[in-house]
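Following: one structure in structure tokens, then a few remarks.
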């Protein structure tokens, strides 16, 4: 039953947001609501781990451990983003970049956005998954174009159009799935559980074609190169908390959809087909984004390309197959979400303070804003997989499985591109964080809500790799078992 | 889901303990030194951060040498790099520090990537990261895989060690870090790479082929020569020391490489001797390079400059620092009875014994190795005559040098301690060698009886002979009457700092003789009042860092060029973007059979 | 007994060393058809200098005062290692021929520092050139020592000296060792001690500031160094025949060379040393071939 | 037979839209195509006599034949968009390309998917053609409104596939998809307004501020 609560809380919050009242106090209320959501998500995972059975409600809502993992990741990041929003929005309201009314609209949209994202993993029907993902685009488009500046409107337009094109292709793939399920499998249903049950009877060649459409379609939303083109625009123009959500959890949500289809195919024709496609898109994303990170001058676009890179890593992990690699990929989803949120929050503060997106202009952050500056550089290391930060562990899990699974060439490329991205990232970020701050700029602290948000993320990043709670490990293992179709 | 292996296992063999000892031997004095060094330099908060980083850094190094699990090794290794990065950029207001830090972490990370790949290839065969399991697995590994693993390990550890041509980060990172950090980095951190080589190549992988040793020998020789030549032409004291570290790593690796060659030739006793020499030089270099960096820090603290062309005459202002630096210089030049001499002598002995016991081309190769090592020694002496002479002797060349004063006790004491250690390790060499041969014995299974030398060396006798002879000469010839006078000026009345021999001039003969490698060029600038009267004349001389200019910069340029090309795939037109999606799906459908 | 012999040997060699210098000068003058000073002139010079008051630059430090003692100490210590009067008369436990090279470098290190200490341009120039040449000489010295020692399998001077068979490789190596000797003893064509022309002087430039007793020490040290190198050739590399005769022959050869050649340009020394290096490599090759 | 004609009509309308040079023609083409689609689903609903399909058919008529085209026309009038579509490829070449795309779709359905059944095969062929032509329109037409129409043509194609090949998707999904399309169009319309206000044109090809 936690699922309903998890869905209802954001819905209710978005309703409450438009009621009259002070924005700041609503922000606190909002964060509290999302905190409850995160707790519920943990509870749900624990419940499911105990029963080891998928929970289905009304034949429409459905949650197994894979869903639980995604719900957990999404709700945790939602909570932190909500927390960070308090300080961010009220400072925007204070310096009148944003009217009180717009702030309310922000909170309403924020909650709708989280609602749509949370509804992706809790529906059993692949058609509804499609609808939910399309909804995430539509809602977040407003958040991308929130400031109504030329660039943000341009970004929003590109975002909707490209994602809609992609998602239309995904719908075609879904239809092909449905077609073979109803004709060869004899189940007129879009529930993957039903499909998986008859997977052996399905027509392999139709499944293969269908999966291409699925990968390209949802891959557009997930940010696979070369369909990633909307991503840097949207991420760089959205508000910082939204950028974090877009990058940290929205992209994996699309990956989740692909995973659900892949599971069915894996049962039918084995893992090598989907695995190869995952690796192909993963390496492509990694390679191209490595170059783009290197020569990027806009700090938020830099982070956006880094998201492409990380989605690539996740995808390669999924492609390697095997419980360990897939668990690594899922773990990386979580770690990337945490580290990337941290980076976007810090970058958002920098962009506001320096009033520029350009790395050339953002100098000496560590003197101008010691807290955010430290977070940015530490986040850069965390994101690129330096121990003791958690991303190192997920990345090494993936690479280990690559080597042991015999994907020597792919793993070597993975290592190489990761090294390039690391270099590029540090090359760019270190110049922003260190150095002399612009003359006449006063040092500035971090508001309490921001400090809390950063603190929680830092805690997650530092500890998740080393002392992750037992249930979390179990969750990862169980989820990866589900993906393998075991 | 779980990785097999015992992550908590520590290795307590002699090798680990030896490295732990070395780490502590340098880190503790350096930490004491830092109390004085940071005084007045940094604020309270920053000091606390630096202290915490320092403690974590030293602990991570200790973990690197103590763990018995390759995964933990990797983690500790990365931690070590990360923490030292933050220490390098601790003077973050300077653009240079940031650049140095970036170059450092980038190079290190590339090295670590190679290491990771090597570990994972080994892991593929073992299924566990425990050293013992890895070792077992390596015995069943096909030779060609072994070769690849070795090359990757060499690239990985070579980067950290600063073997030419992977040394590029050293002259950037070491000068920019605070001096006690440069001291630890140069004295011990780069040695962890040698530990890695010994642990993973000698003990786990096993020497696969003789060309491994040859490769290491050649790289080591190139490091020796290139390092010392760059050091000779360098005028920034800390850069000079950093380049000298490249040279000394070369000497250490010469011992290691020779040991590999001899092992494969079936000469375990000689192999042991060579390894002993390498290990002894390792601890020696740690001591004197640590010492020299601390001295350089004191000089920087006292004068605010690291450019030796602006120094001079400091021996009168900072007598203790001068004495300590002198001790370090003598030691690093390999002069008896200090410690550097003994390890260089041992290395030469190892090469000689090897040459005696082998025939044909190896005899010649090893002899040439020895000769080039001697050349390195000679150049090192020249280099440190320059460093000490120009910095401490004669007349101050700048106001800063004139006003310099001795550093506080907290900085003096560690320097004196390390200088004493340098003497002790030299004079007490026979005992030290015994200990170290036990360490080397734990690395390679050598026949009983320890090392055998073709000639014996007793530094105590040499030291006492020098001392007795000097004292006797002093007794009989002690000056009775002396007159103080100006330096002889050839009749020119304005002798002073401007007419002194400069560091650049000092190294000029060598710059010319080794011009084929250093590729020197000069810039002159004349300001004339009229055709006949030149008011000022400026002459600057530079050398070309060939590895940077011909290897790294083109490579980096190429990467950036490629990246800029990649950037063009994102032209901003939504129509192009939609076309991408369309083309992707069409191509995928066409090539569906390939997946 | 052995230690007494060694001590005696050192005392005798030190006492004789100025004589060798005087002898070389005499032979040179003889070839040049000049009369020249007597063979004992170096003794007179030393005595004269020892009695003189010292003039010291006020810019110098203790390094300047200490250097002469370091030099004399190092050459004397090096002398311990050479069995000049016959096999067995050296401290073989103290070190070997390699150690000898390094011990000599110790004195040179201080001498070069002393050259820089007064702040005169001459001293610096001298130090620079001295270190330049010595760093080039070092590999040749080492390789020729290796070549000589390879045959008997030990670098111990004693063992080499008592190695009975004559090998062709030793002869070739001796040639290289002779070049080293020329360079180390500041002889033409590498250096010229008889001139104080700023363009050419190396060793003399370095010690230009010295006077009185310190200068006497330095002079004595260079006499001893000369004897040392001659002895290495005479006793170690060519361990046959009468020691005194061999010393005379070497002295005559040096004198002849000095008279018959002009001093080289500084950078020609590089060529000479490369040539000697090749020579010693050839010696190693010959030794590897078994001759 | 009737079904075949209707399918043919859908394809012809797609071609007509490629040939269209003016916005109103494009919107009309879309309306006509949607109407053919409506007829097709109506026939299917009639054949299977399912209430759900009737509801879908009704919604199709309401959304795609009436609401969306009207809305787009209204938007075009409100922002006083000129009729020009901003063709980057002239109609003749566009037509040849569209024919080529159809041929590819034909090959694809025949060779790769190889679905038996005359009707399903040709329906899939037509739907793929429509989808690809829609994409083609999006790639080669510079104006924002034309892009919306391209997207809608794609959706039409997909809908055809959904309706005919699979014999109709689950009801709730169909409804959700209609709702979704309506929402997409409305939101895109809002953004067209915003673009028009900020840039004073709706030539999306000139929106290249964000690149690299």
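We just call them A, B, C and D in the order they show up, numbering each chain from 1.
Operating definition for what follows: contacts are C-beta pairs under 8 Å (C-beta built on N, C-alpha and C of every residue); 3 or more make two chains touch, one makes a residue touch a chain.
Computed from a prediction, not measured in an experiment: that's the story for all the values here.
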| item | value |
| --- | --- |
| Chains in simultaneous contact with subunit B and subunit D | A |
| From subunit A, the most remote chain by mean C-alpha position | C |
| Chain pair bearing the highest count of C-beta contacts | B-C |
| Approximate Å spacing (C-alpha centroids) for the pair subunit A, subunit B | 44 |
| Geometric centre distance via CA averages, subunit D-subunit C, whole Å | 99 |
| Centre-of-Cα separation between subunit C and subunit B, whole angstrom | 34 |
| Approximate Å spacing (C-alpha centroids) for the pair subunit A, subunit C | 77 |
| Touching two or more other chains - residues of subunit A | 157-158, 161, 165, 169, 209, 232, 292, 295 |
| Junction residues of subunit C - those touching two or more other chains | none |
| Residues within subunit B bordering two or more other chains | 567, 570, 574, 578, 581, 589, 592 |
| Which pairs of chains touch, using the document's own definition | A-B, A-D, B-C, B-D |
| Subunit C - residues contacting subunit B, complex | 50, 53-63, 65, 68-70, 72-74, 76-77, 80, 91-96, 98-99, 101-103, 105-106, 108-109, 112-113, 115-125, 127-129, 131-132, 134-143, 146-147, 149-150, 153-156, 159, 208-209, 212-214, 216-217, 266-267, 270, 277, 280-281, 284-285, 287-288 |
| Residues on subunit B engaged by subunit C in the complex (per definition of touch) | 312-313, 315-316, 322, 326, 329-330, 333-336, 341, 344-345, 348-349, 352, 355-356, 359-361, 363-364, 367-368, 370-372, 374-375, 377-379, 381-382, 384-386, 388-390, 392-395, 454-458, 461-462, 465-471, 473-474, 477-489, 495-497, 499-502, 505-510, 512-513 |
| Complex contact set, residues of subunit A against subunit B | 157-158, 161-162, 165-166, 169, 208-209, 212-213, 215-216, 220, 226-227, 229-230, 232, 273, 276-277, 280, 288, 290-292, 294-295, 323-324, 327, 364, 366-367, 381, 386-388, 392, 396, 399-400, 402-404, 408, 411-412, 415-416, 418-420, 422-424, 426-427, 430-431, 433-436, 473, 476-477, 480 |
| Complex interface listing, subunit B residues touching subunit D | 567-568, 570-575, 578-579, 581-582, 586, 589, 592 |
| Subunit D residues touching subunit B - in the complex, by the definition given at the top | 88, 104, 108, 112, 132, 135-136, 138-140, 142, 147, 204-205, 207-212 |
